[in-house]
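Chain naming follows the written order as A, B, C, D, E and F, and within any one chain the residues start at number 1.
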């Protein structure tokens, strides 16, 4: 009894899942990096000047 | 600046996400290289060692199944530690870590479930039984998915962090149940033979590829986790910068002056 | 507090029959099972109590997500958070009102459905009793889920997902108490007492957790 | 003894961003404060912090001289937000009497009864209608009647006059003046002049400090 | 029209992972069942298809109530009512988008859950097929209920009241077609064809009724 | 041929009550009508009847001189109600381009493209942001951009300037003047002066009859 099909199937599933996970992480990374770039190109800084205060009259 | 906010500044320096980003940038290439290498060796051994006289070729499933199962539990443990970090030390990276780990853990759990089923069919004659080990792993899978759904549904990460940290800790009771279910209840599933107090009880012929694959999977986890944490930090920066942009347009455009100016 | 209880009851009666829908869903679930297992009366009467419990569990989840969301959407929640009355008490009263409007009808409808499943009189009585004791636990722990999900757009399903795993012990002991009442060797009291203990436990934990979640989710 | 609302070094965050920072003021009995500023400058945020609905990042809100021991300053406050906190399915009378009995009166005063309160907002005689049948402006007025049925010394009002016609504006100014005359305190955020004498706090907004991450 | 379809798909993916939550709920419901009826594989494999169908029904019902309510709350519905595009078409496209985002994932997840219930391969295939054909009917008739309930405050519950009795035939024929595929004497085609007929019928009736209800409920 | 909005003997009910009765007017291309009146006098009801969202009790609404055959006058109208009809989860650009392609243009004109429209309401360059990130006033302005991206000759606006500050008010007046200049028609309900030249319809409310001023 060899059941090669089950072995191949499990390795295939493993390979697919891991590949999908890796691709997703990479795609997510490049996407976020691009968005950051775009925002920085628009001239938006993350930490801006001092915080606001209310002024009493 | 008041004393209190200075204190906040200082504390946050300890966990500076920017420093983390730098570290990740340096570590990632090494980690990925090492992972690839380990997998190359591990996979080679997986297919060259002999089959078991009882289980035949199907024993090769073990080299995927067991590391995936271990990793699914380890990943949850990492999340539970991060949850402690969020609740007890309010460490800003802890929440990022817990959030980034969830999809990875879900994938490993999925792998353990699928390969286990694929092993169960030839060995036990059925894809699935509702015994304690299998059920508790399925519950683990559902918990991962639930945490992902919760994180995606709450757009404010700060608020999601607390809730999911509590849920993670509550769900942690599941981990010992998974680990010891084979001993507490009699089930079809194999009892532990590697991770035992009195040392492994398994033929070195199988142990070698198994351990190498386990290390390879762990390295894979660390690599992906660091990369995903980096992505998460970027994502939060994007969100925060977008809010900033909305506010700036209001300031630059009309309506900066109040009515009674 | 009585005013809150009465208001919530009035609301659930006036705004489209919360009770009715729960019962309807319950009946649908129960009605479908005979189609699945075939007209084997023995089998039906065997799984009857379990099916009744599953139906009741799912039916009590149906309205739960609106428990706090409706209050939040019209701003009432803000005012409730500001009062001197402990929030835990407010939550508890809201749970009671919700259970009276949608849990109690399920308990009352159960015997009828039990007959459809060819369950014996004893088993029907046991099912009713365990449902009476067990369903409040689901509402109470559901309140915690509803409070967590109060700010979410699609709260409904998420509440169920958060609550179902916690409701499993209630289900297990409810069903086993019912079976214990019917089958002789197993004693009825131990699982039933555990069920009561779970309900009491959730009566403390649920409102506390819900109150904490509501406080922290306010924005 | 007259009460006194003391705010010290208050700052608050929304999400990751600091919205305002180090705001301090003191309001004595009979004084009103109008909060102004452009859209998104943090008026609503400030009011929600005052009402105890949002945690302050730092600083404190305190009420001195209350008639009895209180657990938290918010217990002495009325909050009227953008939403009216009334159920559309219940009649106006049911809504108001629920809030009257649920909220109760703070020590040192007593709420009006329902008829007087609806009379005072100019809508006497229609309290038997379901709340959902009223027009936008009428709904807003009924929400104001809620301020009258349960007594609270401090009123916190977020754009109270949105959707009101000129007539109702005047009526609202009268209500507030009456409350102040009786030793109450009012904090209101607004875009339009409210027609009453008050100190003003201008939010300058838009300079959020990027927080962590 | 394609823009509407795409928008709705985008919304359901972006607003808190609609599809994910639906599937997760489905899985949770299925996982709860063995706790109630016990881990007896024979019994489980017998009621498996029925449980899958009940779970799918519940999961597709729970999200439905927001189909038009979300549009109404932000005023989009007013604009849709004013356009030249026939309202029936708008409704139909919205139903399609909703089904693609939340019904289709259920169909795809069904085989996995079928394995957990120890269902045979044939039964799994039959369940998938009947779900594929049957769930659109639930969405389509649910749309009519959602439209009727759109102006009601607690629409979620009311939709189910209106829709459940109509959905019962779908459930019954779906389940019996599945069993017919497995058990030899009963022919598979007749109930399956009836199921298809019901779906086609609802594909006409549902949007028509929904459009009429939306028109008359506008105020 | 310029269009013309003809309203004849219009009356409408809310529940059982007649809200207004026998209102008639004619608006020619380039004319605007401002509807005023106290809270609950029926302004919103009138606008919803004009937009075909509420059935009239009697009377008719007609548009004469349309470039092509139309099914119902509402198809030539834009309606801007209290709510903005934009999804918080989608970006401004996604929202606007959805409405642009879903609504299409009425014959006789063409909508601006997205960038021009956001430019015109003074918020150019932030259309990549999710709508939910904008403040109340910015959201209202983006809802107005919707009027520009799809061409409709008739605009029906319910309290368009609520939540806007003085500056944005001026901008809005410009938009309306531009639309009128291009031969459009505008009907707007409001409590505050809109700063444009228009005829006025005073609703006297509570079953009163509206009178042209």
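Criterion: a contact is a pair of C-beta atoms (placed from the backbone, for glycine too) under 8 Å apart; a residue touches a chain by one contact, two chains touch by 3 or more.
Keep in mind that what you see is a predicted model, and the values were worked out from it rather than measured.
Residues touching across the subunit C and subunit E pair largely coincide in numbering: over half of the numbers involved belong to both copies. Just to note, of E-F and B-E, the chains joined by more C-beta pairs in contact are E-F.
Taking the mean of C-alpha positions as each chain's centre, the chain lying farthest from the centre of subunit B is F.
In terms of their C-alpha centroids, the spacing between subunit C and subunit E amounts to 24 Å. With centres set at the average Cα position, the gap from subunit A to subunit D is 43 Å. Work out the mean CA point of subunit C and of subunit F, and you get 47 Å between them. If each chain is reduced to the centroid of its CA atoms, subunit C and subunit D end up 37 Å from each other.
Touching two or more other chains at once are residues 42, 45-46, 48 of subunit A. Multi-chain contact residues of subunit C (touching two or more other chains) are listed as 15, 152-154, 158, 161, 165, 219. For subunit F, the set of residues that touch two or more other chains comprises 14, 82, 125, 135, 137-138, 165. Touching subunit D in their complex are the following residues of subunit C: 3-4, 7, 10-11, 14-15, 73-76, 78-85, 218-219. Taken together, the subunit B residues at the contact with subunit C in this complex read 139, 142-143, 146, 149-150, 153-154, 156, 159, 162-163, 167. By the touch criterion stated above, subunit C contacts subunit E in their complex at residues 12, 15-18, 20-21, 24-25, 28-29, 31-33, 35-38, 43, 47, 50-51, 53-54, 57-58, 62-63, 65-66, 70, 152-154, 156-158, 160-161, 164-165, 167-168, 171-172, 175. Note for the complex: subunit F touches subunit B at residues 122-123, 125-126, 129-130, 133-135, 137-138, 165-168, 171.
Only residues 9, 11, 15-17, 22, 34, 36-41, 58, 191-193, 200, 202-203, 205-206, 208, 210-213 of subunit D touch subunit B when the two sit together in their complex.
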